[in-house]
Each structure stands twice: as C-alpha cells, then as structure tokens.
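In this document, chain identifiers A, B, C and D correspond to the written order of the chains, with residue numbering beginning at 1 in each.
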Amino acid sequence: MTYARLGVGMVGYSFMGAVHAHAWNTAPRFFTLPLHPELTLLAGRNAEAVTAAAARFGFAETTTDWRTMLTRDDVDLVDVCTPGDTHAEIAIAALEAGKHVLCEKPLANSVAEAEAMAAAAASAAEHGVRAMVGFTYRRVPAIQLARQLVAEGALGQIRHVRADYLQDWLSDPSAPLSWRLDKSKAGSGALGDIGAHVIDLAQFITGEQITAVTGMLDTFVAERPIAASAAGLSATAGEGMGPVTVDDSAAFLARLSGGGNGVFTATRFAQGRKNAIRIEINGSRGSLAFDFEDMNVLHVYDAEEVAERAGFRRIVVTEPGHPFVAAWWPPGHGLGYEHGFTHQAVDLVTALAEGSQPTPSFADGLAVQRVLDAVERSAATGTWLAVSGTGQAATDPSTRKEVHSPA
Amino acid sequence: MTYARLGVGMVGYSFMGAVHAHAWNTAPRFFTLPLHPELTLLAGRNAEAVTAAAARFGFAETTTDWRTMLTRDDVDLVDVCTPGDTHAEIAIAALEAGKHVLCEKPLANSVAEAEAMAAAAASAAEHGVRAMVGFTYRRVPAIQLARQLVAEGALGQIRHVRADYLQDWLSDPSAPLSWRLDKSKAGSGALGDIGAHVIDLAQFITGEQITAVTGMLDTFVAERPIAASAAGLSATAGEGMGPVTVDDSAAFLARLSGGGNGVFTATRFAQGRKNAIRIEINGSRGSLAFDFEDMNVLHVYDAEEVAERAGFRRIVVTEPGHPFVAAWWPPGHGLGYEHGFTHQAVDLVTALAEGSQPTPSFADGLAVQRVLDAVERSAATGTWLAVSGTGQAATDPSTRKEVHSPA
Amino acid sequence: MTYARLGVGMVGYSFMGAVHAHAWNTAPRFFTLPLHPELTLLAGRNAEAVTAAAARFGFAETTTDWRTMLTRDDVDLVDVCTPGDTHAEIAIAALEAGKHVLCEKPLANSVAEAEAMAAAAASAAEHGVRAMVGFTYRRVPAIQLARQLVAEGALGQIRHVRADYLQDWLSDPSAPLSWRLDKSKAGSGALGDIGAHVIDLAQFITGEQITAVTGMLDTFVAERPIAASAAGLSATAGEGMGPVTVDDSAAFLARLSGGGNGVFTATRFAQGRKNAIRIEINGSRGSLAFDFEDMNVLHVYDAEEVAERAGFRRIVVTEPGHPFVAAWWPPGHGLGYEHGFTHQAVDLVTALAEGSQPTPSFADGLAVQRVLDAVERSAATGTWLAVSGTGQAATDPSTRKEVHSPA
Amino acid sequence: MTYARLGVGMVGYSFMGAVHAHAWNTAPRFFTLPLHPELTLLAGRNAEAVTAAAARFGFAETTTDWRTMLTRDDVDLVDVCTPGDTHAEIAIAALEAGKHVLCEKPLANSVAEAEAMAAAAASAAEHGVRAMVGFTYRRVPAIQLARQLVAEGALGQIRHVRADYLQDWLSDPSAPLSWRLDKSKAGSGALGDIGAHVIDLAQFITGEQITAVTGMLDTFVAERPIAASAAGLSATAGEGMGPVTVDDSAAFLARLSGGGNGVFTATRFAQGRKNAIRIEINGSRGSLAFDFEDMNVLHVYDAEEVAERAGFRRIVVTEPGHPFVAAWWPPGHGLGYEHGFTHQAVDLVTALAEGSQPTPSFADGLAVQRVLDAVERSAATGTWLAVSGTGQAATDPSTRKEVHSPA
C-alpha cells in the first residue's frame, strides 16, 4: 500500500477539532511530509454546524454519522476529537475497520475502556494499522529538549518530580454546569482533563513509570447554575441548580519506578493561573524546570559545574538545532500553543509512512489511565495504591529507605 | 519590675547564634525599643570557642554551663540556639526560673517534649514570663504583607496552599554525616528542619490549621562518609561510613481547617535550589505567591478586577508603609535574610515591655510539631492521619465534597 | 466593485513570504472575514524555487516576472515580501495599476523612496486603492493592549520610552556576508531591519512622534568571509573576505512630541538575546513594560494605587476580551510570532471591505523612515537633528526645561 | 605605626550616616579585621540630633564642629556622609591633617573640586594616608562576580553596556522641594545622584573608561511646593512654590575605551521602579545582566556553549566561594542593600592595615565626575564631547568603523 495521500476523517469540531484541523493544514506547509494529509470528511451530529466547520477548515465533505467513515476507502485515518465517553467506541471501530487512529486524551473514561482500546491497537498493529493518543504537550520543543536531556543522563538519577497544572475558570461559583462537570460524560474533572497531561509529561520526560499513589480530590462548588440554554432540556427545569459530579481539584503523592518521588496537582481553582503547566525535576546530576506560561523556555541546572558559576540556564528553545524548530522562524521568534499539534501531525504522518509505531501509543494512554484510576480510588480509601501494570507490590509503598552508594 | 534593660543570655553560638546576636545588636540601632537588650552571657560547652564568639558578638561574659544563667539576676531572657534535642530541657528550666525564652525552631524533637514546653510556657505566662518560638520567616515583610492581605479577606475563602522548601546541600552522596542526619539529635531531617518553616508559614498566612495529612518520606542516601574530624571520636573508626537516620525529603497532602487543601514539599535534594521557600495560596477572591529567592517581593492576584486588566501584581515590599520597612532604607533598597531576626527581636522586646504574649508562641510551635508528627506517622502507615489537637475526626479525611453556595 | 474574493499576488517567498502566506491561509479559518483571500499568484526570479514554494503554500500559479500581476484581473492585492531596495518600484507600480498593496518593512531604503511611495499611496487612496506597511509587531495582542491603555490615559503624560531590539546572530565574526550587510540592498543594518520595529512600536503605543534624535552607529566586524556559495559569483573570488557596509548596532536618544524622551537600541551583537524586543514606557500616572521573549504578557503599573498594594501587574494577554484572542484558544494557551501576521491580514481585509485606510499606512512607514534617516545623519555629524515632517525646529533640541504645573 | 584600633570620626548622620555606622558596627562581627574600628566621634550641626544619633549608633562622643576631629589623635579616619557641596572642604582638610578619608559619592559637585580632592589624595598617599570614595554597589557580591568574569575574559571584547538607574519618587509633581533639587547643594539631579553609580559600575565591571558622550537632561517638573517646614526659613515665604534647578532625568550615549559603546539612563520618574539598577553587558564571548531589584542574582551567558544548550545562567550569588559571602549565611540566604557598605568597610580596613590603596580611589571618583561633567555640557551644546583625562580626541566621536579580524 503506497500512501501518496493520507485521507483524514475527523470526528468533532469544537476546540480540539479546530486545533487538529489547523495542524493538518499547517504541517505540510512547513515540513516535508512523506504523505500528504487531506481533510476528507468531517463528522458531527448537527448537520448545519458540521457543514460550517468543514467550510472553515477545508474539509471536502461532512457527515452526521461518524460510522460513515469506516467504510470510506478515501479515509485512511480517523481523528477522534470528541468527549471521552465516546473515545472507546469510535477508536475501536475505526481500528477494526483498518483505519489509523489519532485519539484525543485522556484515552478513555475508565481503565476498562482504555484496556479495550489498547488491545484493539495491539491487534491492529499486527496489520500495520496504527493508533496514537494526543498528549500534544509532549511536542512542545522545550519538552522535547527536556526529554533529550534526561535521556542523555544530564539529570542523573531522578529524585523528584513536582508537576502542577493550574487553571482558574471554575473559581467563580456562578460559572454554569457543562458536560465537563458531568462524570458520565467526562469521567473525571481536573484529574482527567488536565492532570492526565502532567502525568503523561512526567512519565515521558523521565522515561519512568508512576508505580503507586495516594490522592486527594475536592469539589469546592458542588452545585452550579444550569445554563439557560441547557435548562429547557433538563428534567428539573425551573430548579436552576444542578450537581457537579466530578472533582474541581486533584493532588497526589507518587512513587516513581526509578526510586524517586512525585508530587502532582491539577486544579481549576487557582485564581490567576490560566494554563500554567509547571514541571520541575531534580536528579542527582542536575535539574530542569518548565512553565507553559513561558513555553519557549527550558531552565536547566548542571550540578557538575563549579559552584560559583553554576545556575539554572534559561534556554530559549528556538534554535534551529532544537526539535521541530528549523521548520519555523529564526531564533527568538517563539511558537505558540498550537504548534505542538502540528508537530504531532508531522510525527504521526512520518511514523505511518515508515510503518513504525507512533508515540504516545494507546499503551501509553492506558498507563496514564491507570494512574488516574489509582488516584481516584486512593482518594476514596485514603490509602496508597499500586498502579496496575507497573509491577509495584500492593504492600505499603509510602516510606522507602534505600542505599545509593556514593558514585 | 521595671525593664530599663533586657539582659540576654544565649545558649549556642554557631549559625543561629550568630544571626540572633546580630539581631540583638541591630534592633536598637534601627528601631525605638521600650527595653534595651544587653548581651549579658553566652553559654557553650567549649570554653575557648565560646570566649571567641562572645568577643566577636559583644557578650559581656561567658559560661560553659548554661544552667548558670538560671540564677543570674541580670539575665532576663534566655535565647536557645542549640540543636532540637536540648530545647525542652533548657527552655523549661529557664521558664521555671522566671526567665523569658526565645527558642529556635522546631520547638522540639517530639510532640511529648513540645507539649511539656507549651505547658511550661502556659504556667510561666501566669507570672508574666513569656515564651516565643523562632519561626523567623514570619517577619519577612513580604510574608507580613501576605498575612495582612489574607486577614483583610483579599483572597476570600482559601482553596489551595502549595508550599515547597527546596535545598540541595545533600544531593552529593559524598557529603559527610553530621548531627543533622542523626535522628537522636535532630528529630527528623528535611521534615523538621525546613518543612517546619513552611508548615508554620502556611498556618500563619492563612490563619488556618492543618487538620489531617498523608505523607511520604525518603532517604535517598542511606549511608554517608564519617567526617575525618568525627572519625577519631567514633566507635567504628576505620569503617568510614555511617547510617543516615533521618529523611532526605518529605512531602505531604493536607486538609486545612477552612475547607481547602494543601500540598507540601521539603527536600535537601533539589539540585540548584539553595534556599527556595515557595508558597502559593489560591482563594475564592484572589491568590498570592512568594519565593524567598526573591524575598522582597510578593505577587498578588485580585480576581475581582476586570479580566482584561487583571494579573499578578509584583509588589516590591520596601515601601515605608510596609511592615518594619520604615526603620530601614528608601523604597527598592532591599532587605536580606537576617532582617527577619531583627524584626523578631523587635516584636519580642515590645511584647515583653507591654506584658503581652509574643507570637509565635510555644502553642504555635506545638501545633507545628503535631503536624510533623502526623506526617511522620502517616508515612509509616501509608494512611491519612488527623493532626492531634485540631478537632479533626480520625475517620478518613482524604476525600471531601462540600457545597459552597454561590456568594 | 464587490469583493467576494480577494486575489493575493505575492512577490518573494523566503522568511517573510512564508509567514505572510501562512497568515493568508490561516486568517479565514479562525476569523470571519468579509472577503475571502485566495493565493492567486506567486512571483520570484528562480522558476524552480518559486514553483516549489507555490506548491507548499498553496498558490494557484507562479511567475518569474512580478510585473505580470499588474495586469491580472484576478489579483486584487500585491503583497511585497522582497528586500528593501525593490519596495518602491513594486509598490508604486502596483498601486498605479489599481492593486492594493501590503509592503514589508522598512517601507524603503531611503526617505526619497518612502516619500514617493507615500505619495503614490495617497493618490491611490483617492480611487479606493489602499496601501499598508507590515509593522507586524503592532498586532501582537499585548502590544494592542498597551496601545489601548495609553489611549485611555492609563499612563498619563509620557515621560520616558526605553526600547531595545536585541539579537546576536552577527556576534560571531566568521558569520558570512549576506545581502543584509550590503548597504545597496538593505539600506542600513540593525537600524533599519530591527530598529525600525521599535521606532514604529514606540510611536504606535504612545500615539506620539519622535521629533529629534542624536544617534550612534557601529560596525564591529568590518569584513566578513564571502560565503562559499557566493564566492563563485563574486568578482573578487579567491580573496575570501568582503566589506560590511551597514551598521552592526544603532542607538539613539530622542525627543517625543508630547514632551517626553526616548532611548533606543538596535543591535545584532547582544550575545544570548535572540529576538528580544523590550519596551518600557513611564508616564505620570503609570508605566508599562513588554518583552517579546515573553510575548503573551504585558506588565502594567498604576501609580494611583495605594503604595503598599501597588506593583507591576503581569497581565497574561490571552483573555477572550483581549484584542484578536477570542478567535484562538482558551486563556493561557499562548500565541506565537506568526499570529501578528494573521491579525495583520484580518485587519487589512476588513479595511479593504469597509473602504477604510488600513494602518500602519505608507505615511506611517514614511514617518519611521524619516527617523531612521535622522539617526543615520546625526551619527555622521555628531549632533542632534530634527526629524523632518514633525515640525520640530532645527535648533538645538538636546536640553529642555518645562513647567508642568502640579495636577 | 601599629593599628590596634581604627578610630572613626563621621560627619553626617542621616540616611548615609546610618548605613555607614551600621557597617562599622557589623564588619568586625562577621569578618576578621586587622584593625578594630571604633566609633569615636560623630559630627553634626544640630547638637540635640547629633547626640541622639550617636547614642543610637554607638559613637563615644559628638561635636557640632567637624573640624574638631582634625586635631583628635584618636580619630584615624574621617567618614564623610554629608551633601556633595561640602565633600571637598572636609575631605581635603582631613587628608591634610593626616586622617584617612572615606567620602560618599559623587566625589564632588564639580570637576574642579574633584580634581582638588584627587590631588590632595595623591599627596596624602605619599605619607600613607588613604582616601576612598563610597561607590558601594561595587561590593554587592553579584557585581564583584561580574567584575571577576569580565577580568577572566568570560565576555571577550566588550561591545555594549546598557545601564539604567530607575527610581520614581519625583513622579508626583506635588512632592516638595528638597536640597537634592537645588543645584547649589546637590550639583546635579538624577545625573549625579544615581547616574554616578551606573557610570562607576560600568567602568568597574568592564575595566574600561567612558571616553566620549552625548547627553540629554530633562526637568519635567520645574517648580515644586516649598515644604511647610522649609517655608518659614524661606525668603519667599508665602509664595509656596520654588524652582527645581537640577535634572529630573539624564540619558546619554557613550564610547568605551575598548571600542564598544554604552547607553545610560538615570531617572527619578520611572513610575513603579523603586531602585532598579539594571546593567547588561554584551561581549564577543558572552553577556551578563544584573538588576538590583534581584540583587543576589547574576545572569551570565556563555556564547561558546553549544547553541542548543546555551542560555543565560541565573547564578544565585550566595555560595561560600563568592566574594564576601562566606562570612554570612548558607547558600540561598540572601543579602540586602546594606551589606555592600559592610564589605566596603572590610576592604577599606584591610587596605589601611596593609598600607595599600583602597578602591575606588579619589581618582576613580574624579573619573566619574568627568563623565558627569561631559554629559551635562554635551546636553547643553547638543554635541558629543570627549571626557577629559581619557585621551579621547575632541574630534567627532559619534560614528566608528573598525576592523576586528575574526579570532
């Protein structure tokens, strides 16, 4: 099968749909791709809205039934940009139909769904059909550089990961209910929506697994006004308030497979923090720090430098030798949020042309899902829990004393 | 009893002794004090060293037996600057002898000791004899301003406290053993030495209590070289290595008495972070952030401002109207680490002259000790534990769902 | 003339061509435009290269003679992305042919050329044909917000503008010669290439004119290796080195029309600064500060706040109410360098549809050119010079004493 | 002559007097000094005030006539902390009386005075009597480190110095007149008061001289209210307003002796900037940046690092190996404004004991004075002027083109 073109069918067209479509449009203009992505088909339930979105983003056709694309020969890849409760159904059906799949994160709303998806991906891979999950922040150049540095050993043995994902859009108790606050649709709240990103980033950058956790979930505002537009649809029309059934904030302590520890926070109640993804990693040889509010910069500390000259180095990650950057602008002309999606498209297309497994795979997505699940269950029991699939013994993992002999 | 002068007897003369002595010397030069502190007597075990230290800092006399000062009429206050295992004995004896006490933190090495000290302080207070514990970071002007803002309601209801105390001086596994790594002397490691500070700061700024915790302790380097100077004294001379019996890092999740939550880290293994005390507090109306590496600055966010004009305000806390600042320099001429100690001396002397209780009291020190204890025990059991004395039920405190009605 | 579509002919296809083409492609996907831009024709001298570029960016046709587009009915706008020495010829011809023009900055290589272009633009405007110059940094949202704040009076009377544009790509003396170092092609060096941007930004944000200057130009590396690729083409092949005929750095003091002053620097020799555009403006009521290395942020100080609560506010300019932002992502999901070009395309298309004058106009470009010229001449004479067209008397403008009565 | 003690006589006791006295008291407590400073005599015109100040700071005696100290055998050094118009008289008299002198900056109010002082210092030096001028910011540890790095060649050839000293205390036009706004007392305004510091720092760190300048002075508020307390003393009592006879802001372009250039600003009208001393130096091999608002930090860029790993290194200048730091606290426990004065006292006492010339010398102070003078005259004429004493030809220094052959 030669791929002169790559027909893309997309399901969903709101925030994630827009940024994915922009990536598909932009990737071939700045990168030399082995296949040419074409926006073949856009699926959505509302015929009028899906038609408008397709016109805006350049899709050739539309459908109100995503299953249509399973039988279209000109659709090679299904890009799943819907809420989490539909990921498993769509992605598994697509893989079984022989379509490559790019699925937004979190992979699913439960471990069971994610396991089924990972199994489907494994089966499909035997036939050269590939699946990828959209943890897009991995492809911010500064994050790629962070991964490179850790892989080169620049940090030595990892001792600490501290990672926060801070937003504030729910701080106001009069902010209305939405599907994101409904557990049946969203699976969880801050935990799965944004916590999933920092879990994946921590595992990606360190190359380690989170093996055990103890978590804490809070719902600060337990009832919210039902939006006027939604009220007409509600069984309880007239009452005006509805329950929030997910967490507003999540935090957890973690064990890492390499012997270090982690401290994680995800919240939508950090007033003044709009999309602050903050990661600091401390190892035996050095440290690194990143804040998405200053996304073109990575701070790196090398403990082997002379003490009087050592300090966190502020690397502006816009040099041509930095990952993905040569395709763009001269040094110092920074990139934005959406570039990670374009880079994701580039790597996915390249892997498909090469017949290799794109990353993060559905197995990587499942690994994150298992951490989310362990956090949620540990918060309910108040105890540490091993993360399934990591080989961590279920016995008490909260304290640890280990001999690291001097190097 | 009229106090024309305040005779100060100090026990200990290394790092803490130096900065305390400097504060006693400096306070009357920049502040108008109701009593004049005089450096009357310095106690230490090594006669030669204590004599040299006394000469350097201006103490009139020395002794190798701290008990001497209990019977000296010209000693009004005993300033305890020794390791934690001696705090209880010295402080209680001094209070019983009718001497005011300033005791370095953490108050003690165990809750039992701290309770005895708090009880002694309560008894002494009935006779106008006062006790204070030296959580000096409270008196950094930016921290004082933070407390004022929270007390005024600028943050509304507190949702999150994130507090880290990061150092790196033990990252190198060839750093030698010291008394600070010996549980019998130091009580704990990073937890009590530096974690105690951020626990106190969190409680001071918010005005709330930490009511329950689940913690995680690590000892990354379990054996260290016995220092050459110490080897001669060691029963195991020649073996060269000795055990580290305290934690290298501590982290814990917490419940706050006002319904919010907390995430805390204390570590001596954060490469490149020398003395980074970082606190961010998010409330329903605003947020504040502080980093001791930039100690003259407080960042404050007011969520009631118009969204397009809102942002964290970088307040340079050097205006004459800021706490303690008018005594020093013009705006922008920043203060350093030691000024907190001078301010502590000022407030202590003022409280003594007024006959009021200086803060933080031994009861405040005990409250911190109980949190340290709960963290340590929770790390051993892997479960959440209530902090004694806070009224928190011992039943599982890890999840919470509460209705905060819209304001 | 109804504009269902806007046929775009572009001349040039390297750095500026790429980012302009991307903007034309992107603008209609995120903004609702009154006209639909179509990439009709791409002109360049090398047939092979221009064909490849057209394929990459989606131009329908190519030509090796830009004059072709003057007679094409389906080209409504000519987008000039060539070096400065060709701007006047192309832009004037296009305007005379009834084509709208978007011309990259600096407007021209001399005041004479710029005057001719501004005159052509004025004539064309009488027939509804419009011209715009591409000072794209004006449309960074944080810069737009800065302009809004000054226009609202948030800074009061402007006292100081300090503006630096810092790069470092010529610091290495072995960096080869290029057309940008050849005065006949580029007009000037750092002065016109990057200094022009900060001059325009200063005038745009303040709404004032630079009326007099005294400048300083330096060429630190006066000879550079002729690039291997260029050597074959060179009359002096074999000699290996050629002269730099432009400035490496420029700095100047300035008078502003409102009574304040300015200090400007543009350099390609600031090691470690890649594309640092730094502007700080101090007025009687407040200040603002911007750094393009952190381009989604504006720092604003309001002097009317209580001293103890005042501070520079770090506004993350990603709120939906901020200029251009609602079309993009949620708060905190920052934009990059290229977004200014997309916003420029949006405003240009809107102005064309409305029949209004887009800004910055060629007259604005001429105003910048006159400042560049005065800086260059003042550096040659060592004296202050009035900027032509500003009404500034040629008499000595270096000192000033003025009574501002207390408000 | 053996110096068991060093008797200090101080003239003046307000802001500078307080910080000098504190330094004399503090230096021997933290540093091992070869001579012991004793606060012997404090001089001031108001008997009551000088007595109170002496009591506060620990001076043994007071006088209302500074000449008294010229004949006192127990006064070895005269510390001049008065306004600039009295520096020459006091310092010269003291030197002639065989007293060492520490004189606050700027050295004098005119070049003529400064020349006389430098001559007196040269004569005195022949007899082992030493003079030093108090450019205290030189002894901020981060500035010392900056000097070390430049001296080691870490920056290579200096191309650019940009230095700003920004304050805002005169922005409010209702701020009253004071002696600092009276040219007969203060010599100049922002130029001499704060501009002198950045001139000295630039020359100190680079080890180069400013050889030519063109300057710009502004007085934004030409009349101010006469303070109520001053009104009674005024010949024009009742009129209420008086003239400001100095500059509110100064800026200048400069030539450096090593071939680089400089851009300087000093202003009291930068709203929100309290005491921001900002210096950035770019050389052929690297750069450094400093901001006094974050005074314990130096940012250093090494251009010889691999591009993808290079970045400004944020050195927290609190390591024991950093200048002066070992005497103080552990790493990360930052110093404040006053520590520079203590370090100044330490170095002065050491030089006196060694019989060597302390720096900055009066010759260094004179060099700064000549730059101040050239700025002021150039602002009056609107032309570039050579700085006297630097060997710079008076011919036009505004443009320069020089061949630096590739290394």
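FYI, a residue touches a chain if its C-beta (ideal position, glycine included) is under 8 Å from a C-beta of that chain, and two chains touch if they have at least 3 such contacts.
The chain lineup, named per UniProt: A, B, C, D = Putative dehydrogenase.
Being a predicted model, the structure only gives us computed values, none of them experimental.
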Identity of the chain that, by mean CA position, is farthest from chain A: D
Fraction-based call for chain C against chain B, same above half, different below: same
Pair of chains joined by more contacts [C-beta pairs], A-D or A-C: A-C
Intercentroid distance (Cα basis), chain B paired with chain A, Å: 40
Chain A-chain D separation of Cα centroids, rounded to whole Å: 54
Centroid distance [mean C-alpha coordinates] between chain C and chain A, Å: 37
For chain D, residues contacting two or more additional chains: 273, 310-312, 316
Touching residues on chain A, where the partner in the complex is chain C: 15, 18-19, 21-22, 25-26, 28-30, 56-58, 167, 169, 273-276, 292-297, 316, 318, 329-339
In the complex with chain A, residue positions of chain D that touch it: 145, 299-300, 307-316, 319, 321-322
For the chain B and chain A complex, residues of the former touching the latter: 159-160, 162, 164, 168, 171-174, 214-225, 249, 251-253, 259, 261, 263, 265, 267, 269-273, 280, 282-287, 301, 303, 310-312, 378-384, 396-407
